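Next, two complexes with subunit A in common: one pairs it with subunit B, the other with subunit C.
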Partner chain A sequence: MGFRVMPKSAFPGWVEQMLQTYRVVGPRKIRDRYMFDEVNSPGDLDLTYSTTVLPPKKVLLPQHEELLSFDLESGKMEAAIDTQPTVLLGVHTCDLHAIRLLDAVFEDGYADQHYIARRQNVLLVSLECLSPCTEKSFCKSMGTLSVTEGYDLHLTDLGDSYAIDIGSERGQALLELTENAQPATDADYSRLNQTLSDKWPRFPYRLESDITELANLLAVSYDSDLWEELGEKCLGCGSCTIVCPTCYCFNVIDEVDFSLNAGSRIRQWDGCTLSQFAVVAGGHNFRSTNQERQRHRFFRKGKYQMEAYGLVGCVGCGRCAEACLVDINPVDTFNELSRRRIPMTRRHKEVLP
Partner chain B sequence: MTLLKDKIVSSSLYVPVQATIRDIRALTPLEKVFSLTLPDGMLLNHEPGQFVELSVFGVGEAPISITSSPSRSNGFFELCVRNAGDMTGVLHQMKPGDVVGVRGPFGRPFPMNRFLGKDLIFAIGGLGLAPARSVINQVLDERGKYGKVIILYGARTPGDLLFTDELEEWDRRSDVELHLTVDRPAEGWDGNVGVITTLFSHVQVYARNTVAITLGPPVMYRFVLMELLGKGVPEGNIWFSFERRMKCGVGKCGHCQIHHLYTCKDGPTFSFAEIKHLEGAL
Partner chain C sequence: MTQQKPKIAFFDFASCEGCQLTVIDSLQTNLELLNAVEIVNFREAMSEKGQDYQIAFIEGSCSRKSDEARLQAIREQADIVVALGACAHLGGVNAVRNRQPLEDVRTYVYGNKADWYETYPARPISQVITVDATIPGCPIDRDEFIASVKMLLQGRIPKLPETPLCVECKLLENQCVYTMGKVCLGPIVRAGCKAICPSFGDGCEGCRGLVSEPNMESLKQVMAEHGMADQDISHKLDLFLTYQMMNLENEEPK
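Then we have the complex of A and B:
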């Protein structure tokens, strides 16, 4: 399918149209940072944003979410399913890749109806990245610097206009809210191609090995000294998992209202880098040290998720690197493991007499 | 005929069905057996080794093994629960007629098909008898399908032994070999004293044809394993059930992960062959 072109001057009008029917969530500038938040008027949006503190996963998997409410007196119990029609606007491609992983996880086996209901009612309008958002991002290494699927609409900034790829019928209908998206002309095609080929050299490769080697690299690095070193540095604050678009581990707790007769069961984000994550009754902790927790975190990012879902477990957004006070991050970790990797041949020689 | 499982597929996987407590039996000051019925003739339809997520509304939810065997589910099922924290603490205060929430059954059951014709040796410590009882009674109800049945069971003191009425029943059977031990004896105890591994000298097994099912606290596993491997029981025939923190029961919340495996859906039953390479699993 070809793409459409919309002059930027028509963009606010289109968002106005969306706001008639949808909740619109997109990047907004709050003081000197950006965050995904509900927009009330087109002027709230800033599509030139670098990165956001929290990823857009919070729209699909809120930080604090009611799963069900119960009333003990009447015995009534009800699932809280949120179906509010929403446009999630301006999602960078790394975050779009992350949402594909969340989709796979929550659809797998017993489907999570709460996530899926939200997901089905969220239209994803993604945005092509044309320059690195921070020094810490490494999306190009992780293969997330572009997308070919998974969006309803995909925007590319052409200077005075947007090129708009249509990824679904729902996306098409959303685009029909405006009359200003015209079929692309030959000139538009060459402008888009130029823009896309210009962008790639602006992004560095930061991972020193190939992404397809990560799982194997980790497999031989379980006993690396690096885990101990990371464990000694790590503060166990859990910021890295909170800001991560591919982290979805959660806790479930009950909250009771003042009558003590009614309440809710709540899901909230949790993180495997927090010390109590794997504690069981009796107090035994199955990952009792920062060292074990960091290793588990990076094995999930570089190995387990890829093996379970065929999708990258780290999309290279760099948010955790921004958030970590002691400068622990995936790309440096993977690179260091790679440097310390003992070649197979040498290991064999050492073991064999 | 509705299954409990279909219920959670239709509305929300997190919404429990309201089960009624029909009977409560105290086994020790810390452990009680709760007999539960599902509403509207709904069936649990479980297999030995599976668990449910049990909730007390307003307090919380926790995974609990189903201790009754599928062969004995006459419209109810049983859970043996230790008072260990918030939810189980409140549960222990509850009375027959009270309502609790149940989701499940979850987890990979023991592969009973692969146990057919084998000699079975159960090595059980403490609360491990709760999940083990489901397997044992299933086996006893189809006794002819299996070889020898040997049960080794250890508790801290004689007063901590669970299901003593059934222990006596098993002891009386000529087709079951039961050996008990306690860490610390009490007045009137004339049985074995010592950890569970001291019982292994009493039993003869044809190792190659033996399946071992070992259930108990993590500290026990390593020692029992050494005995079993020492006797020559094949690694793939040694089965455990693991306890981990769990919040969903279906492989999403992340708490129960052992390396790449989720205890809730890939387990909680695992053979030694499956987990021997995974540091920290045992």
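Then we have the complex of A and C:
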């Protein structure tokens, strides 16, 4: 649909316009960290943010979400469906890739009506990263440092203006809220190209193998000693899975009022690195050690998601690495597995006479 | 549906009664609770005392021989016994003394009147009587108290949360206090307090007790890497967790 260019001076006015019709959620600085939060005025937004503690996933899949309310006395039951029109603004490309995975997961099989209702009413305005958000990120290695689809609008900072790529008709309509987005001129195009080509060398490749190799690397590393080493270090604190944009596991509980007959069914985040995650009826825990839980986590990130949906299960955002007190993270884990990879020749020798 | 309201009673042992104050506080925002139960014994809030109760909430640790008979009498009367707060649950701060020779502690506290007072190492009440449920914390969390009471009224037994505090802390998007040069017991402590200490920029002291599979060695290592001497690490772990730590170390009280 072609690029538009909007001077930065017009940006607050555009956000004001959005606020007339939409809930606007974007990165805000609160004390020393950034978080995605509802904004009340354009000044609340800070698009220069590095990263956030929790990913923008929380807008689509809230940490604590009412699924339905019930009253056993009257037999009434009502699904809680949130259709509030929302603009999710300033989503970095890694997180956009993660949302694509969430879409695939929640639309698959028995589609999740709560997620889908929210998703259909959320417009995604993504933002190109021009320098690494943290030292721990490795998006370039995971192929998530750019996007070509999945957004309604995509912004690139050109210094005094934003280049805006229109990704959908809804995005186009959102952009029409302002009169200050003009079709890009040749000069704008060359500035955009320069900006984009300047950005890549600023990002390191941190993964020593190719992402297409990861599934296979993990497959031959199921019995690696590394899992035991990680298991010994891991605190089981669950932080890594809670902060991850591609994690979506949840638990469901009922909360009742004092009548004991009426209440709500609540969904809340859970995570596979937590000790009780795999406890089933009868009390058996089918992943009872940190070692097994870490292996499972990294198999999800590097193998299972790729095989199930053809999308990367880790988008390299580095949030888990920031959160982990014992320095366990995907990139070091994959690299270490790669170094320790049992050479096929040796494996063959073991089976062949 | 008419049903007799369950009678509940509160008792205190070695404690500051802060948990019972939290109960009173939680009643103010949950007046419906008073319609759902009948409180027959609550020294903090009323003077009359009833002795027929079904649910007993016990605050405080068992810290002397004579506590045992009182605990047993409550156990005999109550259908359900709930340990209320860190002292009843873990021995609480009272158990700090368990690492020191008892005579020294008595003399330190009571001076030349030490012989007048009976005392022994502080213990969780579960070491004396069977406890059906526990509401942890110093003090307890009022929402958790209300949620637990509802479960009991439904005939369910509330379980201690197994998730570590870090989960709750991250869900609130707190900045980790380790990044501010402080230490925190969050990775090994049970969630449920809304991560109140880290939310205000302080490390968790562990008042809600250890999760069932704490990785002590690894967390000690983390604290050491953040500049804590071994002795400071022990002190940190001993504020609320002396009883649990001595158990893990197979140490007997002195």
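Note that the second predicted complex is superposed on the first by the 348 of 353 C-alpha atoms of A that agree within 3 Å, B and C clash if a C-alpha of one lies under 4 Å from a C-alpha of the other, contacts with A are read in each partner's own complex, and residues count from 1 in each chain.
One rule holds in what follows: contacts are C-beta pairs under 8 Å (C-beta built on N, C-alpha and C of every residue); 3 or more make two chains touch, one makes a residue touch a chain.
Everything numeric here is computed off the predicted structure, so don't read it as measured data.
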Q.
According to the stated criteria, A:S239 is in contact with first (subunit B), second (subunit C), both, or neither; which is it?
A. second
Q | Greater residue coverage of subunit A in the superposed arrangement, subunit B or subunit C | A | B
Q | Touched partner set for A:V256, first subunit B, second subunit C, both or neither | A | both
Q | Which of subunit B and subunit C A:Y222 touches, first, second, both or neither | A | first
Q) Touching A:D108 in the superposition: subunit B (first), subunit C (second), both, neither? A) first
Q | Partner chain in contact with A:A173 - subunit B first, subunit C second, else both or neither | A | neither
Q.
With the touch criterion stated at the top, can you tell me which subunit A residues are shared between the subunit B interface and the subunit C interface?
A. 256, 260
Q: Going by the contact rule at the top, pick out the subunit C residues touching subunit A in the complex.
A: 30, 32-33, 35-36, 147, 150, 153-154, 162-164, 166-167, 170-171, 173-176, 178, 180, 186-188, 211-213, 215, 218-219, 221-222
Q: Give every residue of subunit A touching subunit C within the complex, in rising order.
A: 31-33, 35, 52-54, 63-64, 232-239, 242-243, 255-258, 260, 269, 271, 274-276, 290, 323, 325-326
Q: Would you tell me which residues of subunit B are touching subunit A in their complex?
A: 8-9, 11-16, 18, 55, 57-61, 82, 84-85, 99, 101, 217-218, 243-245, 247-248, 250-255, 257-260, 265, 279-280
Q. Can you list the subunit A residues touching subunit B in their complex?
A. 67-68, 70, 72, 75, 77-79, 81, 105-106, 108-114, 222, 248-254, 256, 260, 263, 265, 267, 270, 272, 277-282, 284, 286-287, 292, 296, 299-300, 303-304, 307-308
